[in-house]
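The following block contains the structure, expressed as structure tokens.
By letter and in written order, the chains are A, B, C and D; residue numbering begins at 1 in each of them.
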Amino acid sequence: MTPTLTDVRREFPILGRTVRNGKPLTYLDSGATSQRPQRVLDAMAEFERAHNGAVARGAHLLAEEATEAFEGARASVARLVGAREDREIVWTENATAAINLVANGIGNASAGIGGAASARYRIGPGDSIVVTQTEHHANLVPWQQLAARTGAELRWIEVDELGRMRLEQLETKVDSSTKVLAFTHASNVTGIITDVAPLVKRAQQVGAFTVLDACQSVPHIPVDLGALGVDFAAFSSHKMLGPTGIGALWGRAELLDALPPSVFGGGAVMTVALEETTWHQAPTRFEAGSQPVVQAVGMGAAAEYLMEIGMANVAAHERRLAQILREGAAALPGVRLLGPVGEPTLNDVLGLAAVVVDGVHAHDVGQVLDDHGVAVRVGHHCNQPLHRHFGVPSSTRASAHIYTTEDEAALFVEVLGTVRKFFGVSS
Amino acid sequence: MSDLEQMYQQVILDHAKQRHGHGLAVLDGPAVGESHQINTTCGDEITLRVGLDGDTLASVTWEGQGCSISQASASVLAELLDGASLRTADETMEAFKALMHNRGVPLDDEREDLLDDATAFVGVGKYPARIKCALLGWVALRDAIARATVGTEGSDHE
Amino acid sequence: MTPTLTDVRREFPILGRTVRNGKPLTYLDSGATSQRPQRVLDAMAEFERAHNGAVARGAHLLAEEATEAFEGARASVARLVGAREDREIVWTENATAAINLVANGIGNASAGIGGAASARYRIGPGDSIVVTQTEHHANLVPWQQLAARTGAELRWIEVDELGRMRLEQLETKVDSSTKVLAFTHASNVTGIITDVAPLVKRAQQVGAFTVLDACQSVPHIPVDLGALGVDFAAFSSHKMLGPTGIGALWGRAELLDALPPSVFGGGAVMTVALEETTWHQAPTRFEAGSQPVVQAVGMGAAAEYLMEIGMANVAAHERRLAQILREGAAALPGVRLLGPVGEPTLNDVLGLAAVVVDGVHAHDVGQVLDDHGVAVRVGHHCNQPLHRHFGVPSSTRASAHIYTTEDEAALFVEVLGTVRKFFGVSS
Amino acid sequence: MSDLEQMYQQVILDHAKQRHGHGLAVLDGPAVGESHQINTTCGDEITLRVGLDGDTLASVTWEGQGCSISQASASVLAELLDGASLRTADETMEAFKALMHNRGVPLDDEREDLLDDATAFVGVGKYPARIKCALLGWVALRDAIARATVGTEGSDHE
């Protein structure tokens, strides 16, 4: 990385705090939510102190300044992810809301809302929606519900014993009935980074829309959504060094312009009579009500920071951490790593490791780590189908970000190695 | 003793392995109640079944999977309350809840007596996220008793 | 007020800034978005600096602290609005999202989602939804769309020449076909505060659900939602001294538990298989995805601050400002005040004034005010039907909050008096 | 001259009152284009209609309502470009856009000449929120020309 790791860590005040028993914090829960650098917090504080006003609504100076900051942030995020136009970025509450925006938009189109312009989105009985077995609930449940609402069939592409999508199933599962293919860019459990090309290719062959869950990719690896060939993508600010309370949907401009909104209110509508309403173009049509303005400013600052460091540098840094976490954990007796391990796949995996300790419940594993100041996530990480596939109810996940050190990754492995002894599980 | 050791006292680790009342008893009749509870943070589940004989908990059995805290807590509960009066069960439940919200400080002697082995859970009170684990079986118990009392056998809780 | 106005103003750093031509800022756009006191900004900064972690998901100390802060904030907001249980407060992106949550939930129930439990919400052809002519787009468009989606009929209660709801129309417009009666607690154009009782009474007679738009009431007057007798209510943080990016839906617990969600994802679901899903109780079922955690902390701090000052004091302060703004504006030649003026109604009106200057467009009026440092809102304020009713396309609105001084209100009136001369409009 | 006076120069106030080209001309034929534009901040609208005679803008008329900036801008536009060549129209549009994004600073002499009365809008560049108002008619013009050029009369823009 261009700035040293020490430089980076100095930007994150929370990393200096101590936790249980006065131990220094070892934050390995960035996959759930990342920390924010001081410059992101400062950008937001400065906005609050001096520029807060209603966006795109007032004629006064504060309103102008707020609008400029808000749209400037959109441009920053657009640049980070390779959007072709700024307006391809739609602000949402989080990534979950972004995916729901697409699913509910298709649902509304299927109910006739949006008229002829949205006819291309209509689905119904006889059509299919395809997801994969490694999806986060956020990219599964909206499609289940859309299927229930429209009568379309929900199919899924299975994964193998390491959690890799069985791409050979694309031929059979994705067919001329398929209207939507939704899949993750990187798994929040196995860390596997998806090879997007064959999925896009197959979807294009059959004329299906592609929806990419980019929640775990945008914060950690270089992503050029325009080049990937997908149609829509969702990601969240709080996982990419930005604040909570905001996420983004990216979509091809002409597709966004044809998708009916599903949240209705001020700002999104061009003219409102009591009888009927006409929508704006994207992104405005989807941004009903007062927007998360200061959060956009923070997310924009986070995007700028990531670009300053360089996403390739971020990815390289996390690749080293992946190696320590994954190889270290996999080598421990009685510990099972979910997903691939070893040199050949390390380039295709995020800096995280989800593990199952034989005979010890994840919650108990996490508690021992916590006692050493190591913050990890326990549970199914909103990914029950994949855990079920692995035959476990839950796991313990350590996940890194740009501020994570190799020593921290090693500490996770070290403490993990003591867990079975603590609970008196024979090895 | 560190906070961690205080939470995972030996008696808890033992109960988590040798689970009392584990395995649902086959019961019949109107005074049977069952409750299924899930801790969604981790997916832990407990199904607990009670049989009433008048005012007495004639049978308390359960099955489930989960962390050592939730399993041990259900086990201690079954050991303590199998055969107890409904009134004792009520008081014990209240005492256990109070213990959980006491931030790691033991209760008064009277309630400590009532709780017996369950006093070992005192350390859980320092970990708010784990209180749900410890209470899982107790929530199921209260619900199962309610179902048994109204004389309808509920199979699930929706 | 208990703290002096000087004390209050010191809490708002932005009020000290200068704007055009070095003029001090006169912020009269609080109806669009309010400013935030230092203590709200500090509560959020402290959370970021020391307690940020994933809520309700981790076993580590930060996760515990974050969860405690998040739920503590819910309790503060619940107390401010008279919720009977904390879980009656559902976090949403803004008030618009809160109203859509109810409308889309009813839409989903009508499509069969939510099963028997949600049957009470089903509507369809032959049913009616009733709104009023003074609704903000946020409390109109969702109902229009729900009507379109379900085949129900949309009706509206008209307003009189001063913008007051014609309550005598309740008898005819609200009948046994009515399933929803949605209305505002206070108008963002006329400032009129609604007498809720007759609307609730009529809705209860016919068994309709009531949905209250409390966006403009919660920040400005004492509100006890539990006592008002309504079923649902929506309000936004950014109008009540809290941050952008969060709002709340309040609803009676048993009604929330029966309403199907319309945004689906992690956290909201109890168990997820690829085939089907079961929902949590409220509020969790509606809080899909990572939540606006730091925003909740800010909104909670804002609620605490308002309670410390006392909502009755807030209302009394703003009533004085209403008088200066409204009587002052109405007395100017060539200026028309939208809504009531004068002693008899002053108790029933917010501290705002929307005006139309004869011969000068609202945008031009706003520009002159801006040149004097006076920040107001121009346009239709997301309330086109009411403007159409008044026969004007737009208006200029000055709106106050706890930090507004009488001098500021007087300055608005003074500058407003110069506008026609500036544009050479004969008087 | 204050910023405000620089924005609202007399020539602008005059055009806002005496609007050139106001009232849509009745035109016929394939080389007619019309565009309807709305500024959603304030609800201002403009409908602008052009008729082409080869490469010449033979007719530029409009109607609409709005603030003095949007009305004056449409009026100046109609006065400047009625009878102009498409090429001049293009260059003038580009120059006007450049002026708007020049933050209150005049352009070079060549473009100033082209803009003529429209240079009076220089002050608008200091008010980003008002740029949309000033551009409303120009956006409609570009759209109307495009519609006329493809030889289809578009009635609305969706």
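Operating definition for what follows: a residue touches a chain if its C-beta (ideal position, glycine included) is under 8 Å from a C-beta of that chain, and two chains touch if they have at least 3 such contacts.
Just so it is clear, the model here is predicted, and its values are computed rather than measured.
Centre-to-centre separation between chain A and chain B, using Cα means, comes to 38 Å.
Averaging Cα coordinates per chain places chain B and chain C 44 Å apart. Spacing of chain B relative to chain D, judged by their CA centroids, is 76 angstrom. Residues of chain D in contact with two or more other chains: 41, 43, 127, 130. Residue positions 20, 57-59, 63, 271, 363, 367, 378-379, 384 of chain A are each in touch with at least two other chains. Contacts between chains form some other arrangement here, matching none of path, ring, star or all-to-all. Checking each pair of chains for touch leaves A-B, A-C, A-D, B-C, C-D. Residues 56-59, 63-64, 67-68, 117, 270-271, 280, 284 of chain A are the ones that touch chain D when the two sit in their complex. Interface of chain C with chain A (complex): residues 13-14, 17, 19-20, 25, 27, 29, 32-33, 35-36, 41, 45, 48-50, 52-54, 57-63, 92-97, 99-100, 103-104, 108, 111-113, 131, 133, 136-138, 140-142, 144-145, 148-149, 154, 156, 236, 238-239, 243-247, 262-269, 271-277, 288-295, 363, 366-367, 369-370, 374-379, 382, 384-385, 388. Interface residues of chain C, counted against chain D in their complex, comprise 20-21, 360-364, 367-368, 371, 378-380, 384, 387, 393-394, 422-424.
By the touch criterion given at the top, residues 2-4, 7-8, 13, 41-44, 65-69, 127, 130, 133 of chain B touch chain A in their complex. Looking at the complex, you find that chain D touches chain A at residues 38, 40-41, 43, 127-130, 158.
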